[in-house]
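Per-chain numbering from 1; labels A, B, C, D, E and F assigned in written order.
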Amino acid sequence: MWIYQKQLQYPVNIQRGDVGMAKFLFAQYGGPDSELSASQQYLAQRFTMPTPETKALLNDIGTEEMAHWEILGAMIYQLTKNATPDEMKAAGLGDYYATRGKGVFQQSPSGEPWTSAYIQVLNDPIANLSNDMAAEQKARAAYERLMSLTNDASIIAPLAFLRAREVVHFQRFGEALMDIQNVCVKNYAKG
Amino acid sequence: MWIYQKQLQYPVNIQRGDVGMAKFLFAQYGGPDSELSASQQYLAQRFTMPTPETKALLNDIGTEEMAHWEILGAMIYQLTKNATPDEMKAAGLGDYYATRGKGVFQQSPSGEPWTSAYIQVLNDPIANLSNDMAAEQKARAAYERLMSLTNDASIIAPLAFLRAREVVHFQRFGEALMDIQNVCVKNYAKG
Amino acid sequence: MWIYQKQLQYPVNIQRGDVGMAKFLFAQYGGPDSELSASQQYLAQRFTMPTPETKALLNDIGTEEMAHWEILGAMIYQLTKNATPDEMKAAGLGDYYATRGKGVFQQSPSGEPWTSAYIQVLNDPIANLSNDMAAEQKARAAYERLMSLTNDASIIAPLAFLRAREVVHFQRFGEALMDIQNVCVKNYAKG
Amino acid sequence: MWIYQKQLQYPVNIQRGDVGMAKFLFAQYGGPDSELSASQQYLAQRFTMPTPETKALLNDIGTEEMAHWEILGAMIYQLTKNATPDEMKAAGLGDYYATRGKGVFQQSPSGEPWTSAYIQVLNDPIANLSNDMAAEQKARAAYERLMSLTNDASIIAPLAFLRAREVVHFQRFGEALMDIQNVCVKNYAKG
Amino acid sequence: MWIYQKQLQYPVNIQRGDVGMAKFLFAQYGGPDSELSASQQYLAQRFTMPTPETKALLNDIGTEEMAHWEILGAMIYQLTKNATPDEMKAAGLGDYYATRGKGVFQQSPSGEPWTSAYIQVLNDPIANLSNDMAAEQKARAAYERLMSLTNDASIIAPLAFLRAREVVHFQRFGEALMDIQNVCVKNYAKG
Amino acid sequence: MWIYQKQLQYPVNIQRGDVGMAKFLFAQYGGPDSELSASQQYLAQRFTMPTPETKALLNDIGTEEMAHWEILGAMIYQLTKNATPDEMKAAGLGDYYATRGKGVFQQSPSGEPWTSAYIQVLNDPIANLSNDMAAEQKARAAYERLMSLTNDASIIAPLAFLRAREVVHFQRFGEALMDIQNVCVKNYAKG
């Protein structure tokens, strides 16, 4: 179970509304390679991981990705909270406003609801961890794209933090994959 | 952000494998009225709720629903962990096994990936809270159906706990709705 | 079965083309909280409702929501019928035109096909009616958003009519829920 | 707008419960080639059809397909209404019962929610009518499959009626296509 | 099996970048009536076609549609390859860039992932071929719409080629349908 | 463009019908980790790969995965072609038969249409190749699961061949990833 701690993992203090940029941030809030995808993939995979270490690793990172998801949600909220309907419309979010108002819904920038079809949860630890490494690379690339779409330092700072965390996760998944492969080899040697 | 506490909100000690029942439990793990739907709906709605009390309420209940989701995942895992491929096949989970092995994937019993199309996140607090009350009624009904599908006390006990929690949540959302409506009326009176 | 009566429930006489506004109206034609969602939810729920009164109520309102859906379709058609491809493109409907031409397809403003994942149909009358009340609140909020996106009186008038009808439906579902709860209590008292 | 007439287009008097067959009937209630697909396709296409005759044809047939959809719903309801949870489970509808109880939800037999991705609505009358002819052939084939899955005369009779109607609709769409092509040729000749 | 031949079926030499037009071309690359839909429908239907001629026809045309799909992909690539993030944003592809970068993903212009719900694959040859004829009409209409959205001759030329091929395919499917109906009649006459 | 060669990449000579096993094979024909997913992911990624070698690699493997997809389709066809409706029903494919007859449709064993949401296509070569390596591991695991679900040598032989090919592809993608990383390092060194 989880205890909520009333604090964001990284502070979000958006300096000025930017509805258009809010839209792009949905990519990492509810898109295919989003923090939601990552947290759901890791937290579900952990049930069947074969060692306590890999269970704990997926649990830790999955829980952190939830905090990342919350950061994105807070950014979208701050970027849009003062926008009028006309401003939403002018910035290309008229469709969004018509459908969801200013709710912070789990979707991609172009409006597709999040689906677990984006992720995979198996009980093959090698396939799972390979898929997790790929997830981190896709998220890393996503943050690089998002940073290229704005010059606002108050937006870039949390994105840079999140990007850096994905690189760390990638490395930790890589180490776990080597450990698991060693376990497999040893079990095989034992017969 | 969230801190993981290494404990289930309600203990799960399944006495014997029951692959068929595991399949039904996916309804509340990844189906339309599942704990995943509830937690995602509440945690996303909270960003735009107009009062600190309703933000906190959605945050608390959303976080608790994550713990419920974890209970369901633990049940499915315990019910299937010792099953052979032939047992999976015999119990009608051959399809599942072929596609996901014994991973605990976010889907409905009949295999549809979870989608945020099941939920709605607006910035209209009355529509949000009405929808949350409906979500709790749908979940309550789901637990009643699931309990009617088994006689195993070690399965029924956590389901009964979860059902009771949904009733409490329904009541709390009802109170919040009245509070919000009062706020609206007062604001209206003030002009 | 249904008999078609060659008349809209509320007249639609759009004064000038407005392709952008047509796009937003898709929210209530084929979006998550649309008239299509409402009519499909009520007409399917009615099969298992436990009393003749609630069956009739769902049938009446479901049939009326079909008429509302037709009003939205007529509005979209009138708003776009004279638009050239270039005008569609200029108003942000180039995507739509490329994919569907000027057909009036059941989708949300941002292009997601309508899915019954938006609705729920159970045989628990309390869960069904709670969900129906939520549906009406979501539709009410949607019409308020749509009215804030235009100043055209010939668009606002039918939207205001539709909004008012949703409020009436909400009340009728509320009364039905109380009646059903009374029936349940009486049945319980009888043993 | 539509007026409900309290009568099925063809009477449904199921002689005995058959939960398994109910499941198969979902194919025509909420599957890809279902009556729901047909009615939604025709009623939405009609807005942009270029002649009063083709508008009226699509309206008539679309309205009749709604009545067919209702027949299927009534059949599913009668086939399942007395089934216990254990009987649902034994007949392979445990998944369905866990997720939707005995609600008559718009889905395919294997559980996919209905989606308008199954249909297409353009403003090209030749493409629309070709697609409608294909829809009728697919529905005709579906009824033939369903009839091969049961020996129960009280199920077969409405299915045979529905199959016959699809053949008539196919012919009417074929005539409309010829008429529209003649209109096109004449317009071309006129310059 | 297939052998790749390093050549497009029709040459693509886009003269200048046009990100907005690239977006519209997704309609035929990954939309409902796209070349992907056509190739997947025909290549899957062929397994159960009843005569060697119709198997071969579906195989030939399905393989050609793959080549068409590749032409569309090459066009999208050439139209976007030199665009900066700012140019993507200015042309209304900021959403796309945020989610997929400049990858050439199988989706519709408005972002819905391609789904096989768009197609149907039965073992009824008459329903299959009717559906294939409809697919060709829908594709023909799509190319006409796309050609109306640009004046660039280097874009129009391949689109005109593709449109012409769809008309040929339509005719070949029509002949195949007549042949199959004759086979059915003869089989019926034989008893 | 592709040339069809009238030969399967690996021969399929199913010895006896096995409708249940056919159902499981849909996992690799149209499921999330299927040959369809692999071929679509690789063939679309190739457009933006930065070196001729990686373009060619993705093209080669993507084309081979199409041949694998055809092998799966041929297996499903041979396993079901002589089955009666009653045999389909008895083997748990009544749902499938009701919806698609004996067509070989692109879906998962439990009936979800294939969606490109399963794959990702970016223009970041490192993210793409990491994702491709993960795809091969997931496919490898899938073939191992499928082989555990049957004892029929005529089914196991092609599955073992396909599994072996995925391992080879995994290695080739790993080499390509190292090459690309070297290119990146060199470009960085050059400034």
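By our rule, contacts are C-beta pairs under 8 Å (C-beta built on N, C-alpha and C of every residue); 3 or more make two chains touch, one makes a residue touch a chain.
Because the structure is a prediction, the values reported are computed rather than measured.
**Student:** Just to be sure I understand the contacts, which chains border both chain F and chain D?
**Tutor:** Touching chain D and chain F alike, sorted by label: B, E.
**Student:** Any chance you could name the chains that touch chain B and chain D both?
**Tutor:** Output, common partners of chain B and chain D: C, F.
**Student:** Using C-alpha centres only, name the chain that sits farthest from chain E.
**Tutor:** Result for the farthest chain: B.
**Student:** At the place where copies chain A and chain F touch, is the share of residue numbers found on both sides over half (same) or under half (different)?
**Tutor:** Mostly same residues: over half of the interface numbers shared.
**Student:** Going by the touch criterion at the top, tell me which pair is linked by more C-beta contacts: C-D or C-E.
**Tutor:** C-D
**Student:** Between chain B and chain F, what is the separation of their C-alpha centroids in Å?
**Tutor:** Once rounded, the distance between the two centres reads 34 Å.
**Student:** How many angstrom lie between the CA centroids of chain C and chain F, rounded to a whole number?
**Tutor:** Those two chain centres are 41 Å apart.
**Student:** Could you please state the distance in Å, as a whole number, between where the Cα atoms of chain A are centred and where those of chain B are centred?
**Tutor:** 21
**Student:** Multi-chain contacts in chain A: which residues touch at least two other chains?
**Tutor:** 32, 92, 101, 110-113, 115, 117, 120, 122, 124, 141
**Student:** Thinking of each chain as a vertex joined to the chains it touches, would you call that graph a line, ring, star, complete, or other?
**Tutor:** Shape of the chain contacts: other, as it matches none of the listed patterns.
**Student:** According to the definition already given, which pairs of chains are in contact?
**Tutor:** A-B, A-C, A-E, A-F, B-C, B-D, B-F, C-D, C-E, D-E, D-F, E-F
**Student:** Under the stated contact criterion, what part of chain E meets chain F in this complex?
**Tutor:** Answer in residue numbers: 1-5, 7-9, 30, 40, 43-45, 47-48, 59-60, 63, 66-67, 70, 73-74, 76-77, 81, 100-107, 113-117, 119-124, 128.
**Student:** Show me the residue ranges of chain F that touch chain A in the complex, using the header's touch definition.
**Tutor:** Residues of chain F touching chain A: 32-33, 112, 115, 117-118, 120, 122, 124, 126-127, 130-131, 133-134, 137-138, 140-141, 144.
**Student:** Where on chain D does chain B make contact in their complex?
**Tutor:** Listed in rising order, the residues of chain D that touch chain B are 85, 89, 92, 94-99, 101, 110-113.
**Student:** Within the complex, which stretch of chain E touches chain C?
**Tutor:** Where chain E meets chain C, its residues are 20, 23-27, 31-32, 92, 108-112, 141-142, 145-146, 148-149.
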